[in-house]
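Same chain, two partners: chain A is paired with chain B first, then with chain C.
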Partner chain A sequence: MASELTTQSYITHHLTNLTCGKTPSGWTCDPYKVDQMGFWAFHVDSLFWSIALGSLFVFVFRRAISKNKDASIAPSGLQNFVEMSIDFVEDNVQSLFGSVKNTLIAPLALTVFVWILLMNLMDLVPVDFLPVLAGHIAYLIAGDAVEWIKGPESLYFKVVPTTDPNITLGMAFGIFILTIYYSITVKGFKAFIAELTLHPFGKYLIPVNFVLEMVNFIAKPVSLGLRLFGNLYAGEMIFILIALMLFFSSIPVGLMGFGLHLVWALFHILIVALQAFIFMALTIAYLAMAHETEEH
Partner chain B sequence: MNINATLLAQAVVMIVFVAICWKYVYPPILSMMKEREKRISDGLEAAKKADDSLEEAKLAFDKELNQAKAEAAEILEKANARASQIVTDASSKAEIEAEKIITSATKTVENETNKAKEELKKQMSKIIIDTTQKILDDEISEEKHNDILKKAAEEL
Partner chain C sequence: MEYSILAAGILMGLSAIGAGIGVGILGSKFIEGIARQPELAPFLQGRFFLMMGLTDAVPMIGIGLGMYMLFAL
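Let's look at the complex of A and B:
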């Protein structure tokens, strides 16, 4: 890794995941061997933050219950927040799902919403803060033992899981599986296949129908994952570019970058919450579609 | 943009978190919220009931109060009437008594006057007779004398 900091290396550094995978010479996290890893590689940073924030969600919500089990005491603080989130999710599920009873939908929607919101919020942490911290810690602990850690900057560390398409598409994939599962269990296998093959042109054009419906069917999870990824990736990218204004330019441009950073961060709060909400709403909508039994 | 096994790992992680939420997080919170909701609606209902019964009690109280007031007024009226009756009775009795006293007094006075008059007449007649006897002396007989007396008494 080049020791001098250039614009390009700065951007690359921020857009590369800490990837661990199997190479012909064994398991490694060496960023220069990513090409040899193939499919069986893991973005350790994305997964770390994803699991950490998911655990935070479960911890906070569990804490709200254990703290105040008695329904006769007025809720306060954390519990209010938790109940507000649940009310919000319940309302959305109610409006999209109506009468269909499925106890999984609301918890799923809540998990997806809070989890994605937390992951998106990582975008508001200043772009260099956690990567540099992680790099220094890694260098301090493993600098001598691990061959590829040559300095604090040789460790890649992306802190916003939702800017990793693997994370967003992974969640969309999970929802896709659930959609198929409920489509088959609620409608029956036959009706599910019929839905994919008998529309829109009737039974004489089954291949055409299948191709059209398949595109529609696959597009849903892909667009679900890519929408979230795209929005957050773009947001992160702009934060990185603004950060570049601060470090690589003259003082007036740096000051302008400071103001821009504030403005973009404020605007980004909206995107953070909106994208989490959209993901949740679409999750509920897709699962509601899977439960719709009538022909359309 | 490189897709790798992270995608599958994330899908698994998601399934785990959703399962945890489904089993251990969501139901207890929801049931607690439902319970509180029920408690609040019960409380509101009870409050409404209490309000209603208070209203009822107020109405009953007002009714009772009005009745008592009416009764009191009636009693007062009766007492007043009785009092005035007593006063009227007493005054009329007194009047009658007074009249009686006056009448009897008048009668007594009349009687006394009559008696006195009679006495006076008698005395007057006697004086006159005596005087006349003295004047006439023996000229008049006992018979005549009585005759004159009678005439004089009649004239008087």
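Let's look at the complex of A and C:
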């Protein structure tokens, strides 16, 4: 760690994304040029981890399913696990969605659940391990060629993709677009508009209805994304604060930090799984609402 | 800067009070429901954790924003 490390800089270091983008002078990942990047700025670390974990999910599930197709042989460990998670998601879809035939919902719910669970689980990796590793690798490979990498610590790297609001809100708005799509295709455009404008007070107060329903409508994806982000961000923050106890205080406080790490990690497993489950359950619930055709 | 610390404290504290009351009511109703109909316990448990996560999310967002105000701004 750098010698002039303070609490503030340590926390900032852990909560800043590795951002690459297009500045007037060309593409760069220099953290001091982030404000010049404008629209073409990518959080490379979030993108990398989310895509890598998504590929891991697809690869593992694909492999487990294609390996053993013979139903007479008892399934092995991995296949058991995959079948269990598929059954779990299917039960939830059945209970929340009912009898509507839509073959997209269950695969979508499974993807959302496992992907978010994997991304959340990155939170349990020790806070300094992957950033320092990435910093050293970057310094080894490109230390001399790139002028803004001054040392292994100069690279910002945020490991948990779900602590990046861009990822969570992006997923939530993806679900939102699907909701609108199914509302229009299942109910028809007229019924969709009628639901937005005629609902609480009848047809004589259409502007009031529209404002009220619109708030309700927009609040769904925003709260869906912010809920996941807030939980994981707070969790990561507390891990960082506990890690700070090890660095900046006396030995007894540092030892207490070890214990606190364990306690918070155990408690955090609950939050990690619960938030993935809630995101999945709300995805199913919102899409089920889009399929409801009866009048209120 | 000093005021943002105060604001973050109020933000986290008040949202924790609300969620505490909410989870307390939820838990008491959950126990009550199980006492009345013990055979519904597994079903209720899933719903309980879902609702707890939903209630829990609000102060967590508050803590996230508070920490953001404290350290990242």
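What we mean here is this: the second predicted complex is superposed on the first by the 293 of 296 C-alpha atoms of A that agree within 3 Å, B and C clash if a C-alpha of one lies under 4 Å from a C-alpha of the other, contacts with A are read in each partner's own complex, and residues count from 1 in each chain.
We adopt the following convention: a contact is a pair of C-beta atoms (placed from the backbone, for glycine too) under 8 Å apart; a residue touches a chain by one contact, two chains touch by 3 or more.
Just so it is clear, the structure is predicted and the values come from calculations on it, not from any experiment.
Overlay on chain A: chain B and chain C fit together in the combined arrangement. By the document's definition of touching, neither partner reaches A:Asn209: not chain B, not chain C.
By the touch criterion stated above, A:Thr283 is placed in contact with neither chain B nor chain C.
With both structures placed on the common chain, the touch criterion links A:Asn231 to chain C but leaves chain B unconnected. In the superposition on chain A, A:Trp40 makes contact with chain B only, not with chain C.
Between the C-alpha centres of chain B and chain C, as viewed from that of chain A after superposition on chain A, lies an angle of 80 degrees, to the nearest 10. In the superposed three-chain model, the partner touching more residues of chain A is B, compared with the other of chain B and chain C. Of the two partner chains, chain C is the only one touched by A:Thr12; chain B is not. Look at A:Ser154: by the touch rule set out above, it reaches neither chain B nor chain C. With chain A used as the common frame, chain B approaches chain C to a shortest CA-CA distance of 8 Å.
For chain B in complex with chain A, the touching residues are 1-11, 13-15, 17-18, 20-22, 24-30, 32-33, 35-36, 39. Residues of chain A touching chain B in their complex: 17, 19, 21, 34, 37-43, 46-47, 50-51, 54, 57-58, 61-62, 64-65, 69, 71-72, 75, 82-83, 86-87, 90, 103-104, 106-108, 110-112, 115, 164-167, 169-171, 173-174, 177. By the touch rule above, chain C contacts chain A in their complex via residues 49-50, 52-54, 56-57, 60-65, 67-68, 71-72. Chain A makes touch with chain C in their complex at residues 8, 11-12, 15, 226-227, 229-231, 233-234, 237, 271, 274-275, 277-278, 281.
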